[in-house]
């Protein structure tokens, strides 16, 4: 009986992972559609095409930022799922909510790319990051309360998983505060935070969070 | 021989699950494309951008409703697949039909978002939900008749699986009747039914259905 | 050593299956985007919306036909993969070609939906079906020659797998011949062939092919 | 403990593979959307439709080239993943970068299709291939240094994996140099290189690289 239960639970975990990979794959690929190529009618020479591509810079910056956002959340969710022994219906719903928030990134990315200097666009983008973090945190809290984690997961690891989300969101909130003053500063700070997570995961201090 | 058969059957179950996850992932992510951002030429200030976003409310409501619809059917199908010991060619076809109905949601969602006050649009949306429920029920009935369920699935569980679909469709039908009078009431009722399924799965009465 | 080899081969089979499921899921969901909703500016009443939807009939017919086409090839490929013991690099390439042909269906479907009465559009659609069948047949022939099938697959089964593809393509070719006279007849015949494969797989005569 | 670790690592490998398959599936299917069908208003006869389709030739050539590019990288990554015993967080990030580069192909393909005779477009396309190759090479180097490969992978195999990437990129660089003179020559040479990899993997000389 226990065997069957575990098999089922494992299947559920697999379904969550599979839906997640599909959504991340699709959202990542959709992002590039926002980088529209220069209008054919406006371009008559190599130089004009190059100029048209350079003018895409804000969209390319937003694209790279969103790719990193998705990468960080993909890895974060993967790490969390990796500590689970099994899943249940409620957790499936919570991860579904997390994934629904992830599907909003192509929208918020497009908005920010089109309205790069607008605070409203920036805060909606930050709100998207915040919601994704909160959803992931809700999954984590539920996993602990419902006892879904593997037995070998120590309290230290559990604590570290939560602290990692809270710390990252605190850094993003600093970026949001900077964005209140100037959107470009806010975007720049968020990109720095992300590069930090992406490139320097071996620094002892940041590796822990 | 039995081993080979089971392995093959398991593989088929995996293929159904994988196709399903791909389709749900894609349909979920497509939905957000319906929330078009305000036209750049119409927006000259933060206030105008905010007003443009507030004007997207009907699309956002329809988006959230469709996300919940997809979530409910994703979980419903996952639960059903979780009770199977194996699949066969006919069942693959039946689930393919179910998934084809799911791929229609981006269409019916777009129609309802664009024609929010039109009864025709609302009934096509409801028809989409109805067809998805019927397809899932057809899968369930076939699974029982063809003896594809795991041996440890009791008659009570089988009964509960079917009752759950019929009960949900009955609630959606009430929503459709309300929509006959006023589309906003119909949409509101359907959202309440969905929130019920999504948020309150622990209430003893509803957990059973 | 043999164990490692089998594990690797199994992984390859899994990758082929996963790429296939992704492509079928995506192609299926893309198809519905071809059914564009009536222009908001043209619609002032429920009756006009209904009329606008009825005018979508050719697109809906083409959509259903393409869904069935994809379903038949999804199941056909699944059956073929189910008989394999392992895969190799060449087979991966052959299935990649098959999948590339599958990704062309959203194009040929769009073409046929837009140019429903044009022979050119119909023959490109039929050509897409033909290429998909030939690619699947090439996979099958290679599987036999390279000895990739499971040991318990009898010569009868191998023969049946090939005959199934050839027979179906022969029926599609009849549809193409009818389309030479009138496209509507050709489309109608192809839909009949597909319904046959989808709905009546238990008839002894057709089940064998 | 070792068992749990391996299981986790295997799960990570599975997640990388699943995300990859999703992204390749999606990118492949997106490519076909670039082949826009002739405008309905411009076409009044079968001959005009045929002429309109013939005019799509540059887009179809670019489409086929990109399909082959994706196929080659899909197989290349699959081969590399097949030699791994386990994955870690850093490797997940490196593959994420590789996949992000892959998601750029629909953009660079669209650019080349629209600006077929422009050197800028051709070099951005080549740059995309180069970046994909470098990312794959970075993954390979990290895998060796971090000791993530299976124990039965000999130094010869490791060397061959790296040489394969470097050799292919050298051939692409020749194509780029030819493109400096004439874009059509560059595209033609790259297609020849790809056909070589796709069709002739059994030639002793090329099979080794």
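For clarity, chains are labelled A, B, C and D in written order, and residue numbers in each chain start from 1.
Heads up, the rule we're going with is that a residue touches a chain if its C-beta (ideal position, glycine included) is under 8 Å from a C-beta of that chain, and two chains touch if they have at least 3 such contacts.
Because the structure is predicted, anything quoted here is derived from the model rather than measured.
*Asks:* Overlay subunit C and subunit D by their C-alpha atoms and let me know the rotation angle in degrees, rounded to the nearest 5.
*Replies:* Rotation angle between the two copies comes out at 90 degrees.
*Asks:* With over half of the numbers shared counting as same, classify the subunit A/subunit B interface as same or different.
*Replies:* Interface between subunit A and subunit B is built from largely different residues.
*Asks:* Between subunit B and subunit C, what is the separation of their C-alpha centroids in Å?
*Replies:* Once rounded, the distance between the two centres reads 25 Å.
*Asks:* Once you find the CA centre of subunit B and the CA centre of subunit D, what distance in Å lies between them?
*Replies:* 35
*Asks:* Which subunit D residues sit where two or more other chains touch them?
*Replies:* 18, 21-22, 25-26, in rising order.
*Asks:* Flag every residue of subunit C that touches subunit B in the complex, lowest number first.
*Replies:* My answer: residues 17-18, 21-22, 24-26, 28-29, 31-33, 35, 37, 40, 43, 46, 49-50, 53, 67, 71, 74-75, 78-79, 81-82, 150, 152, 198, 201-202.
*Asks:* Provide the residue numbers of subunit A that touch subunit B in the complex, in ascending order.
*Replies:* Answer in residue numbers: 1, 4, 8, 11-12, 14-15, 18-19, 21-23, 25-27, 30, 89-90, 92-93, 96, 99-100, 103-104, 106-107, 110-111, 114-115, 118-121, 124.
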